[in-house]
Amino acid sequence: MSFLQNSLPYILAGISVGGQYALIAIGYTMVYGILRLINFAHGDVFMAAGMFMVFLSASLPLGAAVPLVLVLTVLLGFMIERVAYKPLRSAPRMSVMISAIGVSYLLQNCALYFTGGLAKVYPQLPWLSDTVTIFGAVTKRVTLITPILTLILVIGLSLFIKYTKVGMAMRAVSKDFETARLMGIKVNSVISSTFIIGSLLAAVGSLLYFTNYASVTPTSGGMPGLKCFVAAVFGGIGSIPGAVIGAFIIGICENIIKGLGWTTFSDAFTFALLIVILLVKPTGLFGEKATDKV
Amino acid sequence: MDLRKDKKKDMLCTAVALAAMFIVLLVMELTMKSTSILFTVMKKGVIYALVAVSMNLLNGFTGLFSLGQAGFMLIGAYTYSILSMPVSVKMGESVYKYYDCAIGIELGIFPSLILAGVIAAVFAALIGLPVLRLKSDYLAIATLGFAEILRALFQWDAMGPVTNGANVLRQYKDLTKVKIPFTNIQFPPTLFCFLVSGICIAIIVLLINSSYGRAFKAIRDDEIAAEAMGINLFKHKEMSFVISSFFAGISGAMLAMFQYTVQAAQFKTAMTYEILLIVVIGGIGSVTGSCIASFLFIACNEWWLRFLDESSNNILGLNILRSGFRKVVFSIIIMIIVLFFSKGIMGDREFSWARIRAFFARFKKKAAASEGGEPNV
Amino acid sequence: MSDSVLRMEDVTMQFGGVVAVNNLSLEVNRGEIVALIGPNGAGKTTAFNCITGVYEPTNGQVFYEDKLIVANHPSGKMKKAYQGMNSEKYIHVKPIDPTPDQITKLGIARTFQNIRLWKSMTVFENVLTAKHMRARQNVFSATFRLNAAEEHRMHEETLALLEEQNLLQFKDDLATSLPYGLQRRLEIARALATEPKLLLLDEPAAGMNPQETEDLGQFIVQIKEKYDLTIFMIEHHMDLVMRFSDRIYVIDFGKLIAKGTPAEIQANPKVIEAYLGVADDE
């Protein structure tokens, strides 16, 4: 019983962080599925959403700030794709990846400029930030809401991809970019909608994540971003359920490691997991295998 | 016959240019104030040039998109500072406050530098075994992951007796401790950086132009063809990875010498990104490009764009210019280069005397043509 | 020593549920020019890839000069999925899965159906780089130029090879800037630079006109004599195959359907059937 009492907070935190990671990881996996691009800037879009919230909530009521944050983040994601990735559509993959790193650098430096390098206190969201007690463990309500909200969003997204026209186009483009284009699918608008969905989920994730962590810094997007990418690889890149499961596993393991007093290694663990999965099953849990033709 | 003569002439030109550069440097160091920002930029620039060239060897010449450079610099910096730290400092309380230092030896500057490279290379060899089987972006993310693991490892409490945990290392042999051999006179620090980096870069250039360098390029151009022509992919990739890490280790050690203090927290992925951006700005696959770009990068970052950070220079009464604006402008410039000049400064070409001669020849012809009316084409 | 240079025994290559090469056995003897023909998608290139270590065959063995160089039998998941024959025959043979460079080192060189020259390199560098494998130097001696004689030898031999192929005038041009026919020649020159005994040519005459094809045939005979080679080639140009090869193997849907001399193959009804199809109204 005492074991449960001791470890429950960590497991709860793990599930909660896992849900937040899942929302970000979806953005990675969708973009990779369609463009074969590790969108290094995605973590910084997530950070930017946090910054938007900090600055907007200073002058607007929360009811107006939250929707505005979502809109601004979506706009940011959309703009990044249009400005930094679209011109490089026919360039080698490495160039696009470098462009992504450049955008990440730019976003971090912009955030640095606007914050003056100080950690910004994230606004308290009423109700979400309230503390609740569950099985004797004290935690914020957001911890409980996150997994539920995540599941709702993921199911919604899955239905969207399965049944809508845009969703079908997305699947077609990720299977075969060129053929999809030849079949008259407007590839550019499909890619844009991918970025829009990814950014929207990242914004929601950011609301939940920073409510838990209480402060935003220009670099707070980097590490969660990389972890979420790892989650996407772990689940099999391109697969949405894979990314979600991967994110939950990483979130939970990370918090258990923290609970064991190995905090230094909580980040390193993620990468160790990545390397193991790449070596043992490079396609991830749900990925599909592709072969080179000679 | 003519070609060989040209080659000799080129080599002579290069030797003269290098000698001139070193003499100018020496004169500058003897006459100017050593605290001048120019020297800071030159020292840091040449250290970054070495790590950028080492990254270019991997990314540009072997086609391995690796993002582990900061990790290997970290190993180099730590190896150097731990080995070169005087035993008296290690035993005292000033650095190893919370741990008893386990390394009871003290080495000179050169052995420590070389070992910094060697240890980085050994780690690279071990890491390379699993990750070099991966392709393009997976390799990138795996090497990046290993760099993060290394950073965590060096900050780990259990490693404290060796690495001093997450605390700062200092009082090791920094640049001011370099002496001219057999004397007690301080070696000009900028010249020292240029000499060490110069030798290392020269070795990399020799490697690139050797049979092995051609094999690396073959792997970059077409792995399947390279394999079919008898080039062992794994062996050559590992070789390139290890050699690149060796020099990254040395540059990390020099960075430690330059900075006077070392802390693992500094060697983040952001550092690797910076080095990658230098390589891209210079041109992927061009050694001279990497060198030029690293000086430009460091100069812009630390010097030329400084005025943007000063809040006294306001435009239209708006408080745009303040701390951090420099970095914003700088990253916009980088984005413009990445998007519109994706070949970088040099593309995949190198500096060559032949091209300079051709340039002047064309220039002369143009001048002659404008003087003598109709050009004869 | 027997005359056999290359021998494939019951080689099967199955990708998922597709059997690309099905129980293929064939033999190439010293000094021969042997052709492997068959309709598009018959599995000819896959057979080459099984020999050269690009693919690991699902079942069967390959011998080079009577030495076992490739061996496998269905195992793991493939055990159930395997649709080929002789799955039990090689179960006691230890699988050997060499990398392509090991095969090349033994003395088997190849060209590619879709030309794979190193595109950033000049014609000269393409051939010179292929000499890397046999160079007697290590990374240290190469970097510090300790073995100038070896480097010099490689340069001279490369020049000689290019001269023989009439490519010397293009030596400083980018390989990919050459016209198509010359690129194929350069690929052959590059393969020869690895000092092979057996040369595998994958559609060397693809995209050539009749005159060029004829020249190529002559050229193949010529290099065969000069370097004491054995040649095994995939080809679609029937005139080239019939005129220059000693023996022919025909495969269709991965299966060997005929073998023999050019005259025998021309008269074989099965071959005609494979190429032209059978009339449906029987």
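The first chain written gets the first letter, and so on, giving A, B and C; residue counts start at 1 in each chain.
Going forward, a contact is a pair of C-beta atoms (placed from the backbone, for glycine too) under 8 Å apart; a residue touches a chain by one contact, two chains touch by 3 or more.
Because the structure is predicted, anything quoted here is derived from the model rather than measured.
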item	value
Central chain of the complex, centres being mean CA coordinates	B
Farthest-lying chain, centroid of Cα atoms versus that of chain B	C
Averaged-CA centre spacing for the pair chain B and chain A, given as whole angstrom	33
Centroid spacing, where centroids are CA-atom means, of chain A and chain C in whole angstrom	48
Distance between chain centroids, defined by C-alpha means - chain B, chain C (Å)	43
Contacts with 2+ other chains: residues of chain B	224
Of all residues in chain A, the ones touching two or more other chains	294
Per-residue overlap in chain C, given as positions that touch at least 2 other chains	54, 112
Contact set on chain B toward chain C in their complex	203, 206-207, 210-212, 214-215, 217-218, 220-222, 224-234, 239, 243, 285, 348
For the chain A and chain B complex, residues of the former touching the latter	36-38, 83-84, 87-88, 91, 93-95, 97-99, 101-106, 108-110, 112-114, 116-117, 219, 222, 226, 229-230, 233, 264-265, 267-268, 270-272, 274-275, 278-279, 282, 292, 294
Chain B - residues contacting chain A, complex	59, 65, 130-131, 133-134, 136-138, 140-142, 144-146, 148-149, 151-153, 155-157, 166, 224, 268-270, 273-274, 276-277, 280, 284, 322-325, 327-328, 330-332, 334-335, 338-339, 342
In the complex with chain B, residue positions of chain C that touch it	52, 54, 99-102, 104-105, 109-110, 112, 116-121, 125, 128-135, 137, 139, 142-145, 151, 154, 190-191, 193-194
